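These are the structures in question, set out in turn.
Next come two complexes, and both contain subunit A; in the first it sits with subunit B, in the second with subunit C.
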Partner chain A sequence: MYGDEGFTIFDLQLWAEGLGISFGIFLASSVFGLLLGSIIGLIRYYKVIGIGSLLMLGSEFLKNSPVLVQLFLVYFGVPALLTIDLSPMEAAIITLTGNTAAFIAVIVISSIDAIDKKQLEAARSFALSEWQILRLIIYPQSLAFAMPMFVSLAINQLQVTSLISVIGVVDLTRVGDIINQRTFEPFIVWPIIGVTYFILAKLVERIGTRLEQRFSVHQIRSEI
Partner chain B sequence: MLDPAVLMEYMPAFWDGFIVTAKVSILSIIGSFVIGLLIALLRISENKICRIVALCYVDIFRNIPFLVLIFFAYYGLPEIGIYIDAFWTGCFTLSVAVAAYVAETIRAGIQNIDKGIIEAAKSFGFSRVHIYTKIILPLALTSSIRPLGSVFINLILTTSILSAITLGELTSASKIIASTTFRPFEVYMFLVIFYCVLTFALSALIAGWHKYLNRYNGA
Partner chain C sequence: MIEIHNLHKNFGDLKVLKGVDLNIKPGEVVSILGGSGSGKSTLIRCINGLEDITSGSIFVDNFDVKNKKDIMEIRKRCSTVFQQFDLYPHLSVLDNITLAPINVLKQNKKDAEIKAIELLKSVELEDKASVYPAQLSGGQKQRIGICRALAMKPNYLLLDEVTSSLDPEMTVEVLEILKKLAKQGITMISVTHEIGFAREISDRIVFLDEGKILKNLSKDEFFSDDGGKSDPRIAKFLSKMGNQ
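Let's look at the complex of A and B:
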């Protein structure tokens, strides 16, 4: 009977592939998002005329609308408007990168703002170049300040990756859906998928806390 | 080329979707608030088992994607003999999932209360129930209106995921409009702007309310 075939060894393979896709897209969009978001934050900080506030307006839109709709806009909307082809995977990476960048930009700006302004004045009066100030004063301190926010953002973005299954990327959630449709065993399939995400999130959290501690050690040393 | 005018005749369908989104949002906000408050109280209770149960609840629902939860509920509930439609499945799952965030927010509000106030109440002979209902909860809730507001705004954005279980809310309605008009860019752009305006308006209202209620706290 259709829908009553039980589990096979290939389901395990499918699960592993889905896990790989989910984690790969999470990593790619986090790295690209971190880069793009930092650039946007810095553009805003150095008040590059016009672009700064325009980019911030854009990131407000990304922060205040559902990621699912953003995915639809990029996957269905943009190719229709520009008559180009976009694979589900490309659309997923573009959308999640943009979304992550929007949040990163806000974190970057607030962590730079958290630095004592007197330090920057002191650095300028010692005739440090703007690049030296950025690298030696702003970067290490704001990173230590931003790290906890980055970690909670990463855990959140890991869960957001599940949405890409809706536009047809065969990620962990999509694998769950496929196996569930075939076996009709929701009480086995979905808890396994859920636990996989849970463990991934805990892993990201663990690594994040480790990094956090390292950077705050740096901060304490530089304060002494 | 861009042609937003084409959307005008589909406004009634869009509006119907919005009504469904609004209904699900309001019911789930109430549901998640009630469950969240309960979990928050368990989380700070003196019984160790209660605290562990609440901690596990929060940890589980904050680390599993909502889409996985909703699929589990949508396909799983009928298996155990609960036959409810997509609308109620959505309300139920949203309430249960968002309650974890509500609980953490309320807990933070409770733990920020000056311990002296509670000691003063105890020394005046207030009963435990009275301390909670007259002092702890009013103080904790007024100071956490703004963070609770952002949790609920996130809830409204999350309702879009219910389109995956065929609930005819805003995103679902837009999907249908996009496939009938062949104008996906205009439709989804309009939808993004609509959600943004909605959340901006709500967060402005919440910020104002927060300021008004906390006018004596210097916050």
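Let's look at the complex of A and C:
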């Protein structure tokens, strides 16, 4: 009977669960990656002695090696090294968080670089604290620069989540695989899965464009 | 009162200031003249701690610029107007002016904005309150820069080559405002190339040459033939700047 059965209502449920897992892992690794990457970027910017360049070396490695290799390293390597148990889901979130953080760190650094530094000195001369300068001047301006890069990174990282199916996470891709093996209808299953990713990506892009417009008010105005 | 004693400032091996002594009394308008590389901008930047001093001392109203805690007090008392304006591009004109009063002086937003509008009126830019810096001309930006500095109600106004980035027409509009301020009795320390302006507003002129004060004279003495002009370096500088 293998490969011989038609679609059932259960497949729809499976699809929804896979969608939830994929989007959930994407969301979790994006949020954690954004936090971690921003911290790394800021450590680098404020030149905290010693660890700045070490962290950048780490993020260079994560940016320039295949995510699949990183996934295997975390899933098979880390439990062996630290003698702990790591579920596929945990390994997936850890890997994607690290990978996202590496890209975020670079975006954060280049966005801060893009700010005219003399205004920071002006702010200092008016007795604003370094924290106030970060919060009131650096953050809003660098966010405006970073937003388009964040959005294209997010869309890319969404596609990258499909790799986690390899270590046994039942994500959208794995669901597609399961249904395909049972129904043997690749030309129905994979287009549906592909379109699902496409719609998700478009959704992320929409939200991203909204945020871009919100945070770059002064740049839009300046072009009038 | 600003008291500068035996101030030295090095950038690596480069000695920019080599023992400057200068006192500035409340209400005085002092212009610092000198060729490029004479250290005049560095001097003004040392006063509010934008540059660390190498040796010597600076006290502003008895606050010590070498003391990290005192620097914030000094900065609240000294406002700078910058050569390149250095406004915050992501903030409206109004927010540019109220940022420090709200966040440093802890004024409430309403009050800070009312004062900002008053300042904008005084420079005839009240219609630009909601505009962003990128939409303004250089002269307008610098007038906003002056408002931003005055909003802190400073004891001392530091002017760092405020007209150097402006064309002649815009220079006039900025200088007119500064002349009015000088008449109102605000203490001003102005680093400038505009000799005509220095001559018009200053009580005293300090001439810096190679990191040292060559002359520190009242304006009338400085421009008299047997005063400042008797020094060949100053005479040369003045004639180069097209002033008799």
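Basically, the second predicted complex is superposed on the first by the 217 of 224 C-alpha atoms of A that agree within 3 Å, B and C clash if a C-alpha of one lies under 4 Å from a C-alpha of the other, contacts with A are read in each partner's own complex, and residues count from 1 in each chain.
Note that a residue touches a chain if its C-beta (ideal position, glycine included) is under 8 Å from a C-beta of that chain, and two chains touch if they have at least 3 such contacts.
This structure is a prediction, so every number in the text was calculated from the model and none was measured.
Q: Please determine, from the superposition on subunit A, whether subunit B and subunit C clash or fit.
A: Here subunit B and subunit C can both sit on subunit A without a clash.
Q: Output check: A:113 vs subunit B and subunit C. Expected answer is one of first, second, both, neither. What do you get?
A: Neither subunit B nor subunit C is touched by A:113.
Q: Output check: A:124 vs subunit B and subunit C. Expected answer is one of first, second, both, neither. What do you get?
A: A:124 sits against subunit C, while subunit B stays out of touch.
Q: After superposing on the shared chain, does subunit C or subunit B touch more subunit A residues?
A: Looking at subunit A, the partner in contact with more of its residues is B.
Q: Please work out whether A:186 is in contact with subunit B alone, subunit C alone, both, or neither, and reply first, second, both or neither.
A: So A:186 only meets subunit B here.
Q: Report the closest approach of subunit B and subunit C over their C-alpha atoms in the superposed model, as a whole number of Å.
A: Across the overlay, subunit B reaches subunit C at a minimum of 26 Å between C-alpha atoms.
Q: Where on subunit A do subunit B and subunit C both make contact?
A: Touching subunit B and subunit C on subunit A: no residues.
Q: Looking at the complex, which residues from subunit A come into contact with subunit B?
A: Residue positions touching the partner: 60-61, 64-66, 68-70, 72-73, 76-78, 80-81, 155, 159-163, 165-166, 173, 176-177, 180, 184, 186-187, 190-191, 193-194, 197-198, 201-202.
Q: Across the complex, what residues on subunit C touch subunit A?
A: So the residues of subunit C touching subunit A come out as 48, 50, 72, 75-76, 78-80, 82, 84, 86-91, 99-100, 103-104, 132, 134-135, 148, 152.
Q: Using the touch rule from the top, collect the residues of subunit A that touch subunit C in their complex.
A: Within the complex, subunit A contacts subunit C at residues 116, 118-119, 121-129, 132, 136-137, 140-141, 144, 217-218, 221-222, 224.
Q: Sort out for me which residues of subunit B touch subunit A in the complex.
A: So the residues of subunit B in touch with subunit A come to 2, 60, 63-69, 71-72, 75-76, 79, 153, 157-158, 160-161, 163-164, 171, 174-175, 178, 182-189, 191-193, 195-196, 199-200.
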